[in-house]
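Which chain is which? They are A, B, C, D and E, in the order written, and residues in each are numbered from 1.
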């Protein structure tokens, strides 16, 4: 982001799932004009790798910021939010509990292993007894690289259940039911952010991260359903 | 073809099937969106802004596509040179790129670290995260549609018309502007409609190359995507889609009317 | 407003050599100011190509094109004026009117000056050609005859230094051709620039031009006034082209000043032309009279060939009769004589004509 | 047009700019991928499987598009009826749908809860999560490309050829198969190439409607996207893209050759 | 292999009524087996439309089409056999050959049976038409004359019950037309099915058919043998169409059995035809002789009109001369008389012809 004569401009690259929270935070961010661009964390990482000039990178995982940090493309990442996984089902669906997922014929959609939500889902399944895990994986009909695709299928009744973040479920509020996961199965879903190397507004970017951790940004995240970083 | 023959009925069935199959999903979107939601979608500041940006960027992209593409197509249509068919195939390749790959390709070519990144930066031209970048992405994905139609239209020109213009003292530009373009107009308009339609729906390349910044690079398809990620966003995304469809249909029909072959409606030839 | 008259006194000269498919185009021609030269010849002879060379739409391998002092092309110099700066009027075979421009805009296309003035001058020209009322019509809505007039008006509107017409009547249906031919004659007669026109047909060439150049396989095989070309064909090809019957044989001098021709396949003819060795004999169908067999020598006709009638085709008040003489012969008689002779397929007749009507063309 | 005129040079510049702009990003992908990586990408089991699935599904989709689309286009091209121009505009609408919206629209129409969901389920036809669903998505996004070209090609047919066929005893089907299709072949081939190219690059609609499962619904563009997400997968995504581009280029050129107007290469007309 | 001969003894009958642009088509025609009827008339008269009605390509508002007992169309029944089941041979104006099929495949298109047999029969037909060597050529590589023969062979190959030809010679260049005409004559002469052919030109109609139906604005204005139509035109239109000069005037009976016609614009004519009231006078150009002014009544020619020469166009050994009599008159004289009279533009001459050559056509 360049700096004009007046208020500096901060360019924030945020993961799609942060659209609501960071959108609101950016609007009220004091002392700088915030422009936020939301896309898949992987796409944002690719943009940074290709040299796109931005100030803050807020990912839906910790792996991409860590990787970019190793490549010295971003500063040291900090975890700024956590999330929970849950199961969404169609409002009139057959799945009412986790146990129902093992029923043969249940159509389950999960995230592609290459996206964080997919990796976490596998972590959850890994904590189940081997037979249950196998039964559920057998029922997996699709591994979606985009959460929208998971939600569209559940909301559209094409799938009987899907594993998504609690925050994602809100985008289809009213069109799906949610089945929470017991705490013992919950993975540690952490969102990390970092200042992009070579940012021309490093101070403001740092201030933006601070706000995410302790200030208005944190509140906005909480309101959107995210959990505080421990 | 008589409709009341075996094949006639078959063709009728095929046509009905094809039309129903292509139209039904579009209709389904409207069925899912109440008229009230449609108006609400238009009422949202960000939606209006995205539509307006889409309109602006696609118009600029179309101006560029036509201004550069029409003379380029004219030349490619009329000149025979070695490797011509290779060139014609090459300019169609962007058609097959999956959208994200198109975005990556643009980043690799014109991004800050891309092949021409240094040259562009030297010229003070920034594209990524800029409205200009949206235009570049739109031109990249839509130009092939215009070019191939324009080349076909110019190639179908009666070469004697151009020769007649020359014997009447018209230089190459005048022949192009007053003879070639008017004669090729229906084909050019069809190509423009197609390119414009494609540009209005463009998503992946824009997102990767230009980002999704409200008011700057967030066009309507990106706003639709963004809406998906907001609470209750599914319905507002569909409503915005419906608006985009109406806009696109208007443009498609409008451009086609513009290109309609008026000569065809001339009085019948009587002697 | 004037047209054509401006370029007084300048003649068109062309010389060109160019390989075409199958043969080489190689010819020289000159057309005087106000002269109308018709290029006549069979399809594919290179007529259109020559016009295109003159107009600058095709560049010959070697050649020269000039109007008066102005050199349009000289491959030796080298010098080449592009087509759009030659001011060479061209009427294309199918007229090539701009389909999306109205008649007057077509005519005004080659004019310069402000729009209103061009409109007025175009209107004047259209009036002069009798289609002033159609100024706003689109070419698609015009009859082919009207289109021809618009095309001619358009070519003349740019005040060309020379006028080229490629088969100006070919696109007309037979019904309108007669009238259009007459009109074109009148229009071309008033011009003072060189006019070069192409046609397939000897008759059309004879009607439209003062001089004919018969062209075959890229070469001019004969030039001259129409009457000269048809009465003194330089080759069997020209004779056939001009409508004469052509027979082949061997000539030898006879005492008494006549030439005897022994026809290939049998039969003898006599001619007042001098020749020896292999010759082509040409005679026009209307010079031949038909007689019932038997009645020998009751007249001054030295040449007599007997045969069966193989075709009878009435044309107006005349009848064309094909006769199976050793070499088939086409003749033309009045309907009255045909009736008198009771001509029908298979009738035996004698075709007779004078030695003076028998042209001999020595074959190298 | 002479090249050595002001406009000629301008047009040349325009053509060079257009070609460079469209080709450079594609080249950039290849520049980022070493030939070794390209071969490695082909060596990966999952990549091969995705390419093979792409090939299979696009071939089936093209067979359907041509089998239904050609007679449908024939009818739409030859018959005049009220609302015809509306129908022609409607079948082009899928062109402007952003890919994700196209997928949602398909779900709303053909998904289990969609308009026709019950009917399809009753017929025992399952599309979502099935290879059949991929084909449906591909047909939906690519059919308009074929249809519009096919309609144009059939509309350009000389109607007297069809009439001649009828006077010679050919019923509607024979006239279509032996006269209309061969005469319209170049246009049909161009449409097929375009549709096939679009189908090969299809991403969003397939993902949303059919899902993404290796060997079942994960086509090459989905595999590229997935590879792209994997840490360190960037280059293998690019490599797979490069392979896809080569495949697409081969198909584009192949189909065009198939449609090449052989009549044009007939011996010149001599008399 | 036979063609045409199969359908012996069946004649074609058509009756149709149909509004066209500007006028109504309304006519009845019958063509006997083996008879050749030519539909001649100006452009837009409805000739093609009639052929299309017979072939089943257009449905008239009301009408009937039958060949022998077989009813192809009867809007009263109603009954309609689709075009593809009529077996009606159609030669289109521009031949409409299938561009991607070779010559023999074009010919074999309408045949049934195994491929080898169709190939053989197509080859036989092509041989018969003298183009056997071109069996594998594509239509695009054929000359227009060759294309015409393929089109005719194709139409006959399906063993049609009737043959329709739409201006079969119009697509030929003038050079090939004469030969093609002769050939077509021979080919049509051998058929035993009804043949209905369309032409713009009276001359072609006269050459190709035994009977002419002159059609104008959707109606048959006269039918008859070619000679009858030209010598006894039923209307000024037919007279003009058959090539006669047409003048208008007022007729009244004279003592002595002749009819006196006072011409509009001045001048008097006498005719042996009987008429009274407004009439059109028709006279063929070749019935008119030209004389120098002054030499009155030295011959049997009762009709004399004086005027200035306004056009002189040589055609073969004849010259067409236009004369500015009160109503302009087209005449035709031999080149010899033209030379003897010293004819040129502006010369004053007297056009003279016999009362017996003066046809009167009463105008309602």
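Going forward, contacts are C-beta pairs under 8 Å (C-beta built on N, C-alpha and C of every residue); 3 or more make two chains touch, one makes a residue touch a chain.
These numbers were taken from a predicted model, which means no experiment stands behind them.
Asker: Using the touch definition from the top, list the chains contacting both chain A and chain D.
Answerer: Joint contacts, listed by label: B.
Asker: Which two chains does the highest number of contacting C-beta pairs join?
Answerer: That would be the chain pair B-D.
Asker: Taking each chain's centre as the mean position of its Cα atoms, how many Å separate chain C from chain E?
Answerer: Using C-alpha averages as centres, the distance is 26 Å.
Asker: Could you please state the distance in Å, as a whole number, between where the Cα atoms of chain B are centred and where those of chain C are centred?
Answerer: The computed centroid separation for chain B versus chain C comes out at 54 Å.
Asker: At what distance in angstrom does the C-alpha mean of chain C lie from that of chain A?
Answerer: Here chain A and chain C have centroids separated by 86 Å.
Asker: Multi-chain contacts only, two chains or more: what residues does chain A have there?
Answerer: 46, 148, 152
Asker: For chain D, give me the residues that contact two or more of the other chains.
Answerer: 2, 5, 100, 104, 108, 114, 171, 175, 225, 228, 268, 270-271
Asker: Counting only residues that touch at least 2 other chains, which ones in chain E make the list?
Answerer: 42-43, 82, 143
Asker: Show which residues of chain B lie in contact with chain D when the two form their complex.
Answerer: 1-3, 5-8, 10-12, 14-15, 17-19, 21-29, 31-32, 68-69, 71-72, 74-76, 78-79, 85, 87, 89-102, 104-106, 108-110, 114-116, 139-140, 143-144, 147-148, 152, 162, 171-173, 175-176, 190, 193-194, 197-198, 200-204, 221, 224-225, 228, 237-238, 241, 244-245, 248-249, 252-253, 256
Asker: Which residues of chain A touch chain B in their complex?
Answerer: Counting only chain A, the residues touching chain B are 11, 13, 16-17, 19-20, 23, 35-39, 43, 46-47, 50-54, 148, 151-152, 155, 168, 170-175, 224.
Asker: Report the residues of chain E in contact with chain D in the complex, numbered from low to high.
Answerer: 55-57, 82-90, 92, 94, 96-101, 109-110, 138, 140-143, 154-155, 158
Asker: Which of the residues in chain C come into contact with chain E in the complex?
Answerer: Chain C residues touching chain E: 42-43, 143, 170, 173-176, 181-182, 185, 200-201, 203-204, 206-207, 226-227, 243, 284, 286-287, 311, 313-317, 322.
Asker: Touching residues of chain D toward chain E in the complex: what are they?
Answerer: Those residues of chain D that touch chain E are 158, 160-161, 163-171, 175, 178-179, 182-183, 185, 262-263, 266-271.
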